[in-house]
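Note that subunit A is present in both complexes that follow, paired respectively with subunit B and with subunit C.
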Partner chain A sequence: MLDKTLKEIHEALINKQVTSEDLVKEALAKSYEIKEKYNAFVTILDDAKGRTVTDDLVSGIPFGVKDNYSTKDVLSTGSSNTLNNYVPFYTATVVQNLFNKGAIMVNKTAMDEFGMGGTGTTCHTGPVLNPWDKTRMCAGSSAGSACAVASGVYPYALGSDTGDSIRKPAAFCGIVGYKPTYGMLSRYGLFPFASSLDHCGVLTRCVEDAAIIVDAMKGQDENDMTSWDSSNIHLEKHLNDNVQGKKLFYIKEIADLENYPNASVELKEHLQNFHDTLNKFKTLGVEIEGVSINQELLNAIASVYVIISCAEATSNMSNLTGIIFGPRGNNPKVMDMIKEHRTLGFSPLIKRRFVIGSYVLQKENQERYFKNAQRVRRLIVDKIEELFQKYDGLILPVSSGPAKHFDQDDDCIDENTSVLEEHLQIGNFGGFPSITIPSGFINDLPVGINITGARYHDELVLNLASKLESLMPYKGQIAKEVTK
Partner chain B sequence: MPKFTKEMVDDYAAKLLIGLTEEENKMVLDEFEAIDKSIENVTKIKGIEKIEPMTHALDNFIFSLREDKAAPSIPIEDALRNAARVEGREIEVPKVVD
Partner chain C sequence: MKKQIAVIGLEMHCELKSNSKVFSKACNSYNETPNSNIAPLDMAFPGTLPVVNKKCVADALKVSMALNCTQPEYMYFDRKNYYYPDLPKGYQITQMDSPVGVNGHIEIEVDEELIPVDIHDVHLEEDAASLDHYFDTSTIDYNRSGVPLLELVTEPCLHSAKEAVAFLEHMRDIYKYLDVSEADTKKGQIRCDVNVSIMDEDSQVFGTRVEIKNVNSFGGVADAINYEIKRQTSLKEEGRYNEVEQETRRWDEEKGQTIHMRSKVDAIDYKYFVEPNIPKYKITKEWLEELKQEIPQLHLERKYNYINNYGLSNYDASILVKEKSISDYFEECLKLNIDAKSASNWITTQILGYINKYELTINEIFLTPKRLKDLIEALNKGDISSKQAKDIFYKILDEKKEVASFITKDNAQINDETVLTDLIAQILTNNPNQVDQYKAGKTNLFDFFVGQVMKETKGKANPNLTKEILTNKLK
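Moving on, here comes the complex of A and B:
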């Protein structure tokens, strides 16, 4: 039953074809199976119980929560050894909003440590395997949530997205990943990584479920001063609006094959899939044009992201000392004790990014690195906003193809880091609403397409995504392991 | 601009209270080299120095602040429950001053 949509499951509950208790049992049994096969969870909540079914579509239905959301009395580690025993005494606002509507949390999902990776391999519980092909990664950081939803454990799980941490795993797992406009969802209770870029969001198997869940979670929160009143936004209500005459653009430098003279067969197929998908969309009367953007700005995206996110993370995570929470080091001297906690607790990726973050924040380096990164952030955002004056949204392929093998991506940026891999970070730079949906298969593995819109235009972004989804046969798909 | 060196990486790591292996130190320098090249290109963008740095996703946003009223604090038991060592109603901390 949990491989259905929220509305289908809700109807079955109302018609008494199934009980909430049955659903919890099914989700827990499936959780153990998926943990064993793909290592997707940090914690499975054996004591989860069925709840009363009401008119709320989420009532009585299980869901998963990424392990960087604070959940009262439930272990919340951020997939880090530095918090491997941390049990919060309060619940994140967005999770509480779902609880208030009768939703049932059944597990906490594994992730790249504190959200700082894009591979799903730096979780303290080990790498999360892709449910379509265990030799490949889910991408990250919301790896466990993507894996679980794609495997049919439940219809949705919460993720967080600082660079592309919801939207890329969604593509690699053949599902939907949506992060709303910055501030529509309260970040209170989300472990901070880079506060100016961090977004809450959701992974689902169809656009309608993403709309239903964000409608249920959103709302201004006095505990998050960056949240805003979205009571006039009704995502689900506008999913079927007519999209004829809407105008989208794609960035030629990113999506046109002629820019990749040495393209692999996989990349060629991926970009062909993208342009084929655009042609399908045009049959609904949507106009789509290629637009050129200064290549220098596009090439700077990855570095700008690393500089800003590492600088903010270095500051945000300076409280991880092992003194007030987390396991303490054994050294009797306080500084050595903290150093032991941090050296042994953090993964190599985090440690090196802290050093980079600290370096770019030094007084003598700030202007060249941190301030210039922030300036380029503005130039990129201003350019995209200028285009949003003329167009209703930006549409682009996600990544350079399907999920990568574990040895194909070590999360280091180098000179060859492709803009195609990193462009979703534009959505975080500007706080734009952004959604990935599945758009096909390459070598039997799913690939995705992304639509990003102007701030506060979430209804339109989801409307466009829903209409495009309706033209393709991937809505609600469950991962099937591919034998290679 | 002085080059980011192996010794500097170790120095920053020490200030951050983290230890790095030789391999990790090299990875910092390799990754930073790519960042530095990218930023070098950024500095060549005409008029870049006049652009106002963007510090936030919604920097035209008017934040709403709570009223400055005293509210209940969390129970002390809750604050203590994640500390490794506790004495009575306080967190036991290691000696800080030698």
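Moving on, here comes the complex of A and C:
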């Protein structure tokens, strides 16, 4: 039952074909199976109980929560050894909003440690495997959430997205990943990675479910000064609006094959899939144009992201000392106690990023790196916003192909395809609403396409995504392991 | 060696009054029970976010205006990153780029002379937790974590411990007048860092600056400055001025010494950057104007008003302006047209004596300015003597009744000249010896006759009239 859409499951609950208790049992059983197969979870909530079914579409239905959301009385580790025993005493606003509508949390999903990393391999519980092919990554950081939703554990799971942490794993797992405009979902209770880039969001198997969940979670929060009043936005209501005459652009430097003289077969197929998808979309009367953007600006995306995210992360994670929470160091001297906690607790990847973050914030380097990165971020956002004056949205392929093998480590930047791999970060720079949906298969592995729109235009972005989804046969698909 | 002058700059941290802390909902009040005033943010639990307390910003802006600073167009905060066990987030939210006030200037009074003080900046930030160290263990109390703190930084423009303390006292009074802080050093609400250097009297070049951290009383500030001036001057005298290094020292109150903490080369890089969780917001002219309306006339201005326009002494005026409530009371008296000197005398002697004895505030006592006016008028009209006025003063306070109820015919002053003339004639007749002695030159017996009149009238005789008649009769 849990492999259906929210509306179908809700219908079944209302018609008493199934009970909420049945759904919880099914989700828990499936959770154990998926944990065993793909290592997708940090915690499975054995004591989860069915709840009363109301008119709310989420009521009585199980869901998953990425482990960087604070959940009262439930272990919340951020997939880090620095918090491997941390049980919060308060619940993140967006999770609480779902609880208030009767939703049932059944597990906490594994992730790249504190959301840093795009592979799903740096969780303290070990790597998360791709449910389409266990030799491949899910991408990250919302790896466990993507894996679980793609495997049909439940219709949706919460993720978080600082660079592309929802939208890339969604593509690699053949599902939908949506992060709304910055501030539409409260970040209160989300363990911070880089506050100016962090977004809450959701992974689902169809655009409609993404709309329903964000409608249920959103709202201005007195605990988050960056949240805003979105009570006049109704995502689900506008999914079927007519899109004829809407105008989209793609960036030629990123999506045109001629820019990749040494393109692999996989990349060629991927870009072909993208352009084929555009052609399908055009049949609805959507106009799509290729636009050229200064290559230097595009090339700067990855560095800008690294500098800003590492700088903010270094500071944000300074609270992890093991003094108040997390395993305390044994050294009797307090500074050494902190040092021990952090040395033992963090993975090498995070430590490397802390070094970068500290370096770019140092007095003598700040102007050259951090301040310049902020200026370039502004230039990139200004350029995209200028285009949003003319176009309703930006459409681009996600990544350079399907999920990567575990031996293709992703924490270094491949110059040839770096912009293709990193462009989703534009959505975080500008706080733009951005959604990834599946657009086909390469070698039986799913690939995705992304639509990004102007701030506060979430209704339109989801409307476009929903219409495009309706032209393809991937809506609601469940992962099937490929055998070769 | 040429005469040396000291150059001193101060950093003054003052905790602000507010219902809740500057970025969290926890209560901001002094609490004996450790870790009882805390919200998740104050202990930096993962996922918590700061929310700015608007009242604290308003109060900080008032201080900024009172110091004649320039206010920023936009309000935002910065993170100051460093590790210390009293700093749970690993950074302090403060203001680096755009403080609530810059380039201020005020005048303070030292030995009845006004001297200018330039203010570098004043900024709003959060306090750290407090640490207590025991023999083999330390404890952390997070009650103080997140308490609003206003840091004021002067230019290096002060030249003695006396000036420094005068400045701190002046600022403490301003905070109290603005009602933004209790400014109580005993509760640790004011803490100072002091920068001291020396230079030749005629020099234009500052000497090597030494910073002394965490001096927590005004007396300590004076002692630390004097110690440091002496230390630096002695080294210079001995030709060892190169041993004065740019360093941070701490004040050891027990030993009465400053002690080396760290050198400039070990200075911490705080890696400041803008706090991303607090959106920049515009400070409107309208809001500033509104806040300006709430700023009362400050103590120094009031003091010079009392001296120059009401003829009070510097001493009395100083006492009157020491607390705003007392000064307000005095001004209320002025509004009621009570003679300024008379009001001042009553307040500085009787009223302050009474409220200090019973630990009351001036607003709590039954004797309002209006009632004081009734009392003074009764005295001036001669309905009561000044001795009676003092008695009635206490009766009003104790019995909480109007002045009129204590003025009866019985205790009215005797102003009738014929009554007094008759009485005095009688007394002179009854004391012939004393009259003879007086006339023989023993003039100090005059007071004896006054005493006799008072005795007969139970103190009700008008003293001036009595003296006048006596002088005539004894000619």
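In this section, the second predicted complex is superposed on the first by the 478 of 484 C-alpha atoms of A that agree within 3 Å, B and C clash if a C-alpha of one lies under 4 Å from a C-alpha of the other, contacts with A are read in each partner's own complex, and residues count from 1 in each chain.
Heads up, the rule we're going with is that a residue touches a chain if its C-beta (ideal position, glycine included) is under 8 Å from a C-beta of that chain, and two chains touch if they have at least 3 such contacts.
Since we're looking at a predicted model, the values are computed, not measured.
Once the two complexes are overlaid on the shared chain, A:Ser196 sits against subunit B and subunit C alike.
When the shared chain is aligned, no partner comes close enough to touch A:Val482: not subunit B, not subunit C. Counting the residues of subunit A that each partner touches, subunit B and subunit C differ, and the larger count belongs to B.
Contact with neither subunit B nor subunit C is seen for A:Leu257 once the two complexes are overlaid on the shared chain. Looking at the shared chain after the overlay, A:Glu222 reaches both subunit B and subunit C. Of the two partner chains, subunit C is the only one touched by A:Gly78; subunit B is not.
Contacts of A:Lys363 after superposition: subunit C is touched, whereas subunit B is not reached. By the document's definition of touching, of the two partners only subunit C reaches A:Ser315; subunit B does not.
Of the two partner chains placed by the overlay, only subunit C lies in contact with A:Tyr188; subunit B stays clear of it. Legend: residue contacts after superposition of the two complexes on their common chain; A:Phe325 is shown touching both subunit B and subunit C.
On subunit A, the surface touched by subunit B in one complex and the surface touched by subunit C in the other have residues 86, 89-90, 196, 222, 225-226, 314, 321, 323-325, 334-335, 338, 358 in common.
Residues of subunit A that touch subunit B in their complex: 85-87, 89-90, 182-183, 196-197, 220, 222, 225-226, 228, 296, 299-300, 302-304, 306-307, 314, 321-328, 332-335, 337-339, 342-343, 346, 348, 351-352, 354-356, 358-359, 368-369, 371-379, 381, 412-415, 417, 428-431, 455. Contact residues on subunit A toward subunit C in their complex (touch as defined above): 69-70, 76, 78, 83, 86, 88-90, 92, 187-192, 194-196, 222-226, 311-312, 314-315, 317-321, 323-325, 334-335, 338, 358, 361-363, 366, 370.
Put simply, subunit B touches subunit A in their complex at residues 1, 4, 8-9, 12-13, 15-21, 23-24, 27-28, 30-32, 34-35, 37-39, 41-45, 48-49, 51-58, 61, 63-66, 74, 78-79, 81-85, 91, 93-96.
Listing the residues of subunit C that touch subunit A in their complex gives 40, 43-52, 79, 81, 83, 85, 88-91, 138, 140, 269, 271, 273, 276-279.
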